[in-house]
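Below, chain A partners chain B and then partners chain C, in two separate complexes.
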Partner chain A sequence: MKPQHLLAAGALAAFLCGPAAAATLDLVEPIAAYKIYVSEKLQTLVTDTKAFTSAVKAGDIATAKRLFAPTRMSYEAIEPIAELFGDLDKAIDSRADDYEKAEKSPEFQGFHRLEYGLWAQNSTEGLAPVADKLMADVTTLHQRITDLALPPEKVVGGAAALMEEVAATKISGEEDRYSHTDLWDFKGNFDGSQKIFELVRPLLENSEAAFVKKVADNFDTVDTTLAKYKDGAGYQSYDKLTDGDRKILASAVNTLAEDLSTLRGKLGLN
Partner chain B sequence: MMSRSDDPSASRSNRRRQFLIGMSAAATGALAAAPAHAETAPTQRHVTDAPNAHASAQARWPFYGKHQQGITTPRPAAGMVAAFDVIATTPDALEAMFRALSARLAFLTQGGMPPELDPKLPPADSGILGPVIEPDNLTATVSLGNALFADRDWLRPLKPRRLQRMTRFSNDALEARLCHGDLLLQFCANRPDTTIHALRDIVKMMPDTLVLRWKQEGTVPVLPAAAKGRAESARNFLGFHDGSANPDAGDAKLMQRVVWVGEGDDEPRWAVRGSYQAVRIIRNFVERWDRTPLREQEHIFGRRKASGAPFDGRTEFDVPDYARDPDGRVTPLDAHIRLANPRTPSTARNLMLRRPFNYSNGVNKAGQLDMGLLFICYQADLEAGFITVQKRLNGEPLEEYLKPVGGGYFYVLPGAESADDYLGRTLIEAARAAPSPT
Partner chain C sequence: MSTEKSAAPRPSRAMPLAVAAAAVLVLASGGLFYYATISKQAAPADGATRVEIGASACTPNELALPAGRHVFEIHNASQRPVEWEILDGIMVIEERENILPGFRQRLTASLKPGTYEITCGLLSNPRGKLVVAATAASDAAATAGPDLKAFIGPLSEYKVFLVMQGSALVAATQDLVAAIRRGDVARARALYAPARAGYRAVAAVAGRWADLQNSIDPAADYLEKREQDAGFTGFHRIEYGLFAGNTTEGLQPAADRLLADVTTLKARLGAVKLAPDDLTQGAARLARRLADGRIERGENAYAHSDLADLDASLAGLAKMARLVRPLIPTAAADLAKQLDGRVDAVRQALAALKSGDVYPSYERVDAAGRRALAGDFRDLADTLDTVSARLSPG
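Let's turn to the complex of A and B:
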C-alpha cells in the first residue's frame, strides 16, 4: 500500500466515528482497497485520455476511433464516484439528448462530442478544443478524487448505481450511439460494480449466503454472455448483440440492480 | 405538535385494523369461488357496460377459479396490458416463474399489507397506494405469446393449435417495439394507480425472469349507476358506444362456446379452460374524425351516435335485421358492425368477446393527438374469431380513421383453482410428461 492510501484509510476511519461506526468499522478495509482501485482506474484514465485526445488533435481519425472505447472503460468502472462531481461528470460524459438542441448544442462536449465527430462526421475538424477540455476535466477529476475521503454509502451504493446506469440508459444501445461500442462500457460498469461487491463480500458470506450466491451467479451470467462478444482486447459492435442475449443481460442487470440496492442496508449503512 | 389525526403511526394502525376487518368479511364472501361481489355496480352486467363511478376500493374479485379473472369480469374504468420476455429455459425455471407470479397476483388482487422492512433497506412496496394495498377491483390475467413456445424445443409441441405470431393486416403499420412478447399481463382496476402499482410490483419482484417489453394503458368513461335497467356501454374515443352487441358474459353456456377452450376442442389438453386473446393498439385519427359529417360517421359504423341504436332499432341493445335489408339500404353493407358480424348462420362461429379500453398517449410529431383504442378480444378459436373478422373488416370505410400500430396474439392460461394451484400448472405438467426432444 502506498503511503497516500494509508493516509486515506486513516482519514476514513476518523470520518467513520459517527453513530454508524460500529456497523461500518468493518468497511474500513474494503473502502481503503476500493480507494486504491479508483486511483488505479483514474491513473489509467488520465494516461489513456492523453493518448486519445492527442490522436484527435493530430487529426488521426483511425487511432482516435481505436482508442475511444478502451479509454472510456476506466471511467465507466468508477462512474458513481465520478458522479460525486456532477459538473465534471456532465462535462466528461453527457449525451446529446441531455440538451434541448442535441448535437447542435454548444454545451454538448466531452467523450460523446468527440465520438459524434469521429463517427457521425468522420472528421476531427473543430474537435481540438473539445479534446483539450476533456483532458483538463479528466485531470481535475483525478485530483479531486485523490483528495477525497470516499463516503462509505456512496461506495457501497455504487455497486447498484452502476447497474441502474446500465439498466436505464445502456441496455438500449443509446449511450455510444455513433460508435456502437456500448459493450465496452457495459464491461466497465460491470467490473466496477463487481469490484465493490467482491470487496464487501466477506462481510456477508456467512449471514447472507443465499444473497451472495445469487448476486455472484448473476455476475457470472453477465460474464458468460459478454464473453461471447469478445473481439481481441475489446468487444464487437452493439449491433451484434442478439435479441436473446440482450434480454438475458437486461434481466441480469435488473436483478443485480434490485439485489444490490439492498447492499447498503445489509451492511448497516444509511 | 402533531395533532392526533396527523400522527402517521396512529392512522396507519387504524387503517390496518380496518383492513383486517375487511379481510375477515371478505374471507367468508368474495374470497370464495362464487363471484359474491356485492360492491360492484349491480347494473353493470355486460363486460363492456360503463363502469360505476362509485366502485369501491375494497371490492375484490376472486383470484382462484376455473377460468382466469379479467375476461368475463365486468370491465372497470382502468386497464393496462404489459408484455414481457420470459427468461426461463427449463421447465423448472418456468414453473418457478409461474408460481412466483401467481403468488404475487393472488396477493395484489386480494390486497393486504406489505411487510415492513428495516428502513435502511428499500421498502418492500412502492407505496403509491399507501401503507395498505386495497384490491380496488384489480384483476390480473396472464397469457402466453407464440414466441414463448417457438423459442423452446420442449414447449413447441404444446403450443395451442391456433397460436401464432401476429402478422400485418392491410391497414396496419406495426411498430416492432409495440408488438408481441412471451407473456402478457392484463391489469384492470377502478383506478389507474392500482394497475400501475401492480405492474411496478411485478417489475420489482420478478426481474430475474420477466423483462418488460412494452405496455399500453387505457380507460373507459365511468357513469353514475343507472337508476334502473341496464347501464349503457361505455363510449370510445370516436364518440360511439362500444360493446353494445357483445355476447352476454353472464351467460356461462354462451361463454363456454364463444370464449373458453373446452374438452372437445382440438387443442392440447393442458389448454382447456383457457382462451385466445387478441390485443391491438389501434390509433384513431381523431382530428379527422371530428371533421367528418355526423351522417357519414354513423354510416361508417352502422349505428346512431347519440343512442348507439342500429338504424332499424331504438336502443343500442336492439338487434339489426339484415335479412330484411339485403341491399344495405338501411345499414350499409360495408358498415363496421355489418362486416364485423353479418349475423348469418355461418358467421355465428366468428363471435368474440370484446373488452377494449380507450388510450391517450400524448402528441405525435405532426402535432396530432396520439389516441385510440386498446382493442382486446377473447375467443375459443383465434382464427374463426379475431383473424376472420379482421379479414372481413380489411378495407372497411372506418380504416381511413384508424392505424393499428401494435399488439399481439396470446393464449390465456386456464385458471388456478386454489391456493395450492398456480397459473401454468397444466402446461408445466404436460411439458414434463412429454418425451423430451433430444
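Let's turn to the complex of A and C:
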C-alpha cells in the first residue's frame, strides 16, 4: 500500500472510530488496578520465595517440594510484567533448554535449577547459592516493578501472551518437567490473563458484546476443566490430565490466545 | 547440533492443510499443539524482516532498520525450542519465547532510533545487534510532544500512588486517633507528622475538593475567631491541642471527623478521573503554592513540623516528575536533565537541614534559610511549568 493510501485508510479508521481520545484515558483505571494486582502478587512472591528458599537451604527436601509450585504461581500470574526485565527473567525462570549444555550449564539457575535438584536429583546439595540468588533476584524484581509505570500495551497484550505461554509450554508439560506441577503454573497464567480481561471488559461490554461473551465462555471452559484436577490448595500431577481434557483445554486456550491477541487493537493500543 | 532441521514447515499456499497436518502431528506427539501464532501467510510479501535462528547464532545476526513499526518473522532452524527478543539495556522491548524447532513466529515492534541487543536462541549464544536509524517521522516524533495515549501509563501509575498514599493516610490517621482516644499525649504528638505525610503526598490532587480541604487543613489564621472558631477543625485543630495545649482533652470530635474526612478523601482519590494536566500542571502548581508564601510562613504553627511536611510534599512532587520525565521529547533532553537537577536540589536542601536522621523544629530554620528553601521549590516550579508547556498533548 502506498503511503498516501495508508494515510487515507488511517484517516478513515479514525473517522469511523470517532474521537479515540476519550476511550484511551478510560484505560487509566484498569491499568492502575492491574498494577495493584501485580504489587500484591509480588508481595506474595517475595514472602513465598523466602519460605521456599529457606527450606532448600535447610535441606528440607519435603517442605521445599511442597512449596515449589505454590510459590511459582504468583510469578506465573504476572509474567507479562515480570518478563519485561530480560536479565531477571533469565535468572529466575529460564529452562535448561535455553543453555547449550542444558542442566549442566553453570548459568542454569533460578526456579527450574532448584526444581531439577529437588526432583531429578532428590537432593538439596549445592543448591544453597542458587536459593540465595533466587531470593535476591525476586527481591530486585519487586523493587523494580514498584517504581515502574506499566506500559499499557504490555498489560493489555499480556492477556494473550499468558495464554500463548500456556499453549506453548504448559499443555505439553515441558515447563515443570521434573516436578510435573504444570497445572499450578497453568492456573497462575490463566488467572493472570483472566484478570486483565476482566479489568478491560467494561470498556468493551457495549461495543464488543459478542467478543466479550465468547472470551468469557472460553475462560469458563478452562476454569471448569482445570477445577476437576484440584487437589487441596493446588493441583494434581500433570500426568493425571486425561487426553479428553487435554484436548478441551488445548482448544479453549488456543481460541483464547487468538481472540485475546485482538485486545490491543480493540483498545487502540497498537 | 549444527545441522538444521530439513523438514521445517514452510509457509505456502497449502498452508491451511499444512497447519492442519502440523496440528494433528503435534497433538499426536503429546500435545505440542500450538500453532495460533505461526504465520498463516505466504512468504512475507509485506516487508517482514526475516531472521533465522541457528544452533549458535542468528542469520542475520546484525540488523539495520529505519525507525517505525516492523514485523519480524523468526524461523527456528535449530533443534531446540528457543526465544528471540529485542532488548534495550535490561528491558525487553518485544519477545517470542518457545519457538519450536522448525517453526516460524511473528512479532511486531515499534522501534525508536537507537542500538538494541538481540537474544538469539540459546542464552549462551552471542547477542545479535539491531541498529535503528532515525527517519523524518522519528525526528518529528522526537520533537513533538507526547500524544494522549502516552499519558495512560504515567497517569495509571500516579493513580496507584494516590490510592496507596490514601490508604497510608487513613492507616496513619487511625493510629493518631487511637492515641488521642487513649489520652496518650506523647504518642499522639509523635504520630501527628506521620499522619500529615500521607495528606501532603497527595496534596496536588486533594486540593481540588474544597469541602474536604476546608475541613482537613484549615489554618487558624484564615478563620475569624482563629483557634476559637467553630471552623477550626482537622489536622491543625489537633496539632493545636497536642502541642499548644499539651493535651488530648476535647480533641475527640475533631479526631473522629478527621478520620471520616480522610476516609472520604481516600475514596475520592480512588474514583478520580485524571487528565494529563493533573500530572504536569498539577505538579507545577503545587510547587509554586509552597514556594509563594507557605514555606516562608510555615504551616504548623504549634508543632513546627514543617520540614517533615515538605519532605512528604517532595515525595509527591518527585513521583510526578519521575512519571512525566519519560514523556519529555528526546529533542528536549536538556529539559529532562534540568528537571532531575531541580528535584535533586530540593532533596539536598532538605537533607542539609536534618540533624542526624531527623528534621529539627522549623523554628530552627531562620528567615534566610526559609527563603533559600522556597527558592529551591520555586526553581522546581519554573522547570515544571516549562515541562508542562512542552508536554501539552497536541
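We adopt the following convention: the second predicted complex is superposed on the first by the 247 of 270 C-alpha atoms of A that agree within 3 Å, B and C clash if a C-alpha of one lies under 4 Å from a C-alpha of the other, contacts with A are read in each partner's own complex, and residues count from 1 in each chain.
Operating definition for what follows: contacts are C-beta pairs under 8 Å (C-beta built on N, C-alpha and C of every residue); 3 or more make two chains touch, one makes a residue touch a chain.
Since this is a predicted model, take the numbers as computed values, not measurements.
Chemist: Once chain A of both complexes is superposed, is A:Thr262 in touch with chain B (first), chain C (second), both, or neither?
Modeler: first
Chemist: Name the contact category of A:Ala120: first (chain B only), second (chain C only), both, or neither.
Modeler: In the superposition, A:Ala120 touches no partner, neither chain B nor chain C.
Chemist: Is A:Ala136 touching the first partner chain B, the second partner chain C, both, or neither of them?
Modeler: neither
Chemist: Answer with first, second, both or neither: which of chain B and chain C does A:Ser172 touch in the superposed model?
Modeler: Only chain C; A:Ser172 stays clear of chain B.
Chemist: Answer with first, second, both or neither: which of chain B and chain C does A:Ala250 touch in the superposed model?
Modeler: In the superposition, A:Ala250 contacts both chain B and chain C.
Chemist: Just chain B (first), just chain C (second), both, or neither: which does A:Asp89 touch?
Modeler: second
Chemist: When the two structures are laid over each other on chain A, which of chain B and chain C touches more residues of chain A?
Modeler: Looking at chain A, the partner in contact with more of its residues is C.
Chemist: Determine, under the contact definition given at the top, whether A:Ala209 touches first (chain B), second (chain C), both, or neither.
Modeler: Neither: A:Ala209 stays clear of chain B and chain C.
Chemist: Where on chain A do the contacts with chain B and the contacts with chain C coincide?
Modeler: Looking at chain A, the two contact sets intersect at 247, 250, 254, 257-258, 261, 268-269.
Chemist: Could you list, by residue number, the parts of chain B that touch chain A in their complex?
Modeler: Residue positions touching the partner: 85, 87, 118, 120-122, 151, 203-204, 207-211.
Chemist: Using the touch definition up top, name the residues of chain A that touch chain B in the complex.
Modeler: So the residues of chain A touching chain B come out as 218, 244, 247-248, 250-252, 254-255, 257-258, 261-262, 264-266, 268-270.
Chemist: In the complex of these two chains, what residues of chain A are touching chain C?
Modeler: It is residues 21, 24-25, 27-29, 31-32, 35-36, 39, 83-90, 94, 97-100, 105, 107, 147-152, 164-165, 167-169, 171-174, 246-247, 250, 254, 257-258, 261, 268-269 of chain A that touch chain C.
Chemist: Can you list the residues on chain C that touch chain A in the complex?
Modeler: Touch residues, chain C against chain A: 27, 30-37, 80-83, 85, 87, 90-92, 95, 97-98, 100, 119, 122-125, 148-149, 151-157, 159-160, 163, 273-275, 322-323, 326.
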